[in-house]
Amino acid sequence: MKVGFIGLGAMGSAMASNLLKAGHEVTVWNRSPAATEPLASLGAKVAKSADRAVLGDVVFSMLANDQAVRDVFLTDGLLDAMDKGMVHVNHATISVALAREIAAEHAQRGLEYVAAPVFGRPDAAAAGRLNILAAGKPAVVARVHPLLEAMGSRVWPLGNAPERANVVKIAGNFMICAAIESMAEASALARAHGVGAADFLEVMTGSLFAAPAYQGYAKLIAEQRYSPAGFALPLGYKDIGLALSAADATRVPLPLAGLLRDNLLEALSSGVEDVDWAILAQVAARRAHLDERGL
Amino acid sequence: MKVGFIGLGAMGSAMASNLLKAGHEVTVWNRSPAATEPLASLGAKVAKSADRAVLGDVVFSMLANDQAVRDVFLTDGLLDAMDKGMVHVNHATISVALAREIAAEHAQRGLEYVAAPVFGRPDAAAAGRLNILAAGKPAVVARVHPLLEAMGSRVWPLGNAPERANVVKIAGNFMICAAIESMAEASALARAHGVGAADFLEVMTGSLFAAPAYQGYAKLIAEQRYSPAGFALPLGYKDIGLALSAADATRVPLPLAGLLRDNLLEALSSGVEDVDWAILAQVAARRAHLDERGL
Amino acid sequence: MKVGFIGLGAMGSAMASNLLKAGHEVTVWNRSPAATEPLASLGAKVAKSADRAVLGDVVFSMLANDQAVRDVFLTDGLLDAMDKGMVHVNHATISVALAREIAAEHAQRGLEYVAAPVFGRPDAAAAGRLNILAAGKPAVVARVHPLLEAMGSRVWPLGNAPERANVVKIAGNFMICAAIESMAEASALARAHGVGAADFLEVMTGSLFAAPAYQGYAKLIAEQRYSPAGFALPLGYKDIGLALSAADATRVPLPLAGLLRDNLLEALSSGVEDVDWAILAQVAARRAHLDERGL
Amino acid sequence: MKVGFIGLGAMGSAMASNLLKAGHEVTVWNRSPAATEPLASLGAKVAKSADRAVLGDVVFSMLANDQAVRDVFLTDGLLDAMDKGMVHVNHATISVALAREIAAEHAQRGLEYVAAPVFGRPDAAAAGRLNILAAGKPAVVARVHPLLEAMGSRVWPLGNAPERANVVKIAGNFMICAAIESMAEASALARAHGVGAADFLEVMTGSLFAAPAYQGYAKLIAEQRYSPAGFALPLGYKDIGLALSAADATRVPLPLAGLLRDNLLEALSSGVEDVDWAILAQVAARRAHLDERGL
């Protein structure tokens, strides 16, 4: 199929390359053009401007946050450049509020819209093993399903209203962050009692917590290796902010999310940015002064 | 082998029955004798008094908490009734402080001691699929290893000092409770945005959180079925208290554990006791008044 | 002096009436005209439109929140209607971000700007006993000082940059809310041990906490009388949000503010709005199920 | 009157000296005898052993914690040395549990017991300006009232059951700690926005928070002067522990107390002990990396 792909960060590049490998004709665009080169070498057409990437049947986008989605599709007018009936599959992790707004903007223009945020880090994207959440009109989701399957190991249908996929993504990222924090604090406790974090986490992730969300981060915590970032601290902080905003909008107290917000903020206030959000383990250890105490 | 088994609650009974099935000669004792009957029918010898159950090579015990362990082994003098060189395998989830104290009491009497707390609920115990943490002298742990394998799918060696196994157990239970709380809050958020808890948790436990610690509790939360208790609220509250005590002893701030303590306490203050600690999901929903709001 | 007054809620009306009593010529405007009547009967001139209220030397405004300030002064263009050199004294509790933005908008138009948020509830405003924070050019603050003294018992100069007054106001309201929460939890604890909230709070506010911020709220908590609102729950929730936003902007973890946010949200989610934020005491009591337990 | 005084730390010494100044005949005892010297020079009789200090009409005690009270009065048998009908006025801040137990021990021996914990730091004790909480039989409280008035500016009667005074003391100390934390976080926020802690706290403690509990600690926070300790960090940590224990006993969630516990623990884990618990302000500033950022 002839498709466009907007946004070629680590995630977007990996996803677009899987579309290429599956035999689709992919036209890519990225604000900073350097990112298009590796995809060009895999056979992608490179669009000179964003509107040249929205000429096929479907356009995928993987942008960083609300602001980027708003800039490209609304402010810069990309939606206006799309042909009626064209499908836009939006992979970004965006707020529930923007999810609703942008769905309405598509509807007004006779465009089809699928919210399809993903779970998985760049290595999972490269391997085509993403978990893809998909919400939108069933017929439209069905149409793009084969394309999604080229990028993910599983597609989770989440109903008609696009924002449903975004809520699940936001709530899910909150759960991941909670998992990191629980490993962070539990490992600090274990260390203080003479059990190394690596030993402790090996038991946990080999038994009750033998799940992807734990195993990857446990490795980073055990090795105290927070850089380069798999999932960068500022993005994690943004995502907890999305959970708190969604909670605010529907008046749902989330004490655990509030706690995570503060701990991420403590890490951020030190000035580091290009670190993984697993740095929460360093925050927990620092609070207990474990290094100073030789524990 | 000829062994004793002290403490026949849901967990102990299941574990003792697996020792019987593995062909060992098991003498059982329980403070309330009714619990011995099913085991007798499986071939166990029933001891009239606790000291008659500590006559073989090894005695296992699975008691409810610090108080019960202290009562049986120290106050009532069971340690004094044991022959020098005998091995005591203590499966209870006890405090780090008691773990140290009771190890010393064994050493003083020339008794061997293995701390062997377990991960797994009664159904896992019945199926012989427990994860067993084991700390103590390597030679002694090796001696009881075949017996432990009759009860668990995996034995995790944790070094010489017995309390190391208890710390891992305590920190692990804290992680389980954190997992429940994160599902509780995230599900409340999803519900408030129109995504049912069952739908939401199906995605999460089918993807990133495809691990035993999540799947069992997710089912309870999705079905709002907290009774009968798989792991009872008061026990969970006790275990978070053990984590906070261990943190106090080594001066490790655990903000997440403090939050869990309060939420468990909120559930307890309503007067319910025989409910699973997954009732944390009800606390989160009640705080958001989801039922009153028809969400 | 000839002055204008924009915004005649409970606070603004009381403040404007004190300007009248001090002999100033006051022209008032309020979006909903009914609120102007009592002031007209005290001698105020009533402006038909907002721009007719900004014709004197100084205009005061007391609007509810960022949105109202933005609507009136920026979107509806009131700043453009003001004469160069005129002074605007903004009493609203607004975000630090808007404080900076609106100060710049004044400067661009050659208008003088004083940020002057106040501490005190409507009864203090009526009695002219407000504490008024004032930040802006010293000469300009000096010019309006006699007017401020007509409304407050004390004016606190806070330097040149207007947002400094807003930060102090936001941080101060956070402290008030923390004071309420500490009375709420401490009273719940006292009640559970048989000491009535009234008895307990009488001791505390008669000794260590003999301060206005405590005495007023203690009365509400002791009498469980949360309506009518002296300071309404949604405003309090907004103000804690301002503290968290200011903390976000400068990366300052505020765990206590996060806790307050959740507890206010719990109160709000029940659907009540026209209650005092001292309702935090009801939240604390409900969590402990004190009423159900007859405590 | 002829009275005894047990326990001559900073508080006890100041209190005993006021009894002397009021003309009473005071026999003092302290575990470490050096502390008796200044009082001897004021005219106190020095008892060689504790039982020699309990020979008059009333004995006062001001010991550090549960353990010290238990050791002196129960384990070392001082209660058994007291004459039937003698009154013991216990000023220590002890747990509700011990408060109940020790009241019963007095009753069994025909001794009178008044729980009389105090609010006030050593300087207030020296000046006779303590707030004294008093619970016990009204006739007995009346008998010791003139003596209490020699030590405090106000005596607060709290009813018959002695533990009532202890609950109020524990809940009150929790409120003080919450006040410190709120100043700590609010000051960090103000600093991050360019308003010095001293300027900010001057406004707050000169207006809404013009109360002893704030003014003393505000001074320490503004000057970042945490040593010597007016109220030492480990004692503060102990007292928050007493609040959490009392909450545990009656199942009252206290999220704010949990937060304080963790922050005090963070301060303690750094190894400092002889600092005031106002050091919470340093914890808040460190979390935000204010010094590193030059804020």
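The first chain written gets the first letter, and so on, giving A, B, C and D; residue counts start at 1 in each chain.
Simple rule for what comes next: a contact is a pair of C-beta atoms (placed from the backbone, for glycine too) under 8 Å apart; a residue touches a chain by one contact, two chains touch by 3 or more.
Keep in mind it's a predicted model, so treat the numbers as computed, not measured.
The chain with its Cα centroid farthest from the Cα centroid of subunit D is A. Between the Cα centres of subunit B and subunit D there is a gap of 40 Å. Put simply, the C-alpha centre of subunit C and that of subunit D have 36 angstrom between them. Averaged Cα coordinates give subunit B a centre that lies 52 Å from the centre of subunit C. Within subunit A, residues 247, 251-255, 259, 262-263, 266, 269, 287-289 each touch two or more of the remaining chains.
If the chains shown are joined wherever they touch, the resulting network links each chain directly to all the rest.
The part of subunit D that touches subunit C in the complex is made up of residues 96, 119, 131, 133, 154, 156, 158-159, 161, 163-164, 167-168, 170-172, 174-176, 178-179, 181-183, 185-190, 192-195, 199-200, 203-204, 206-214, 243, 246-247, 250-257, 259, 263, 284, 287-290, 295. By the touch criterion stated above, subunit C contacts subunit A in their complex at residues 241, 247-248, 251-255, 258-259, 261-263, 265-266, 268-269.
Remark: subunit A residues 255, 262, 266, 269-271, 287-289, 292-293 touch subunit D in the complex.
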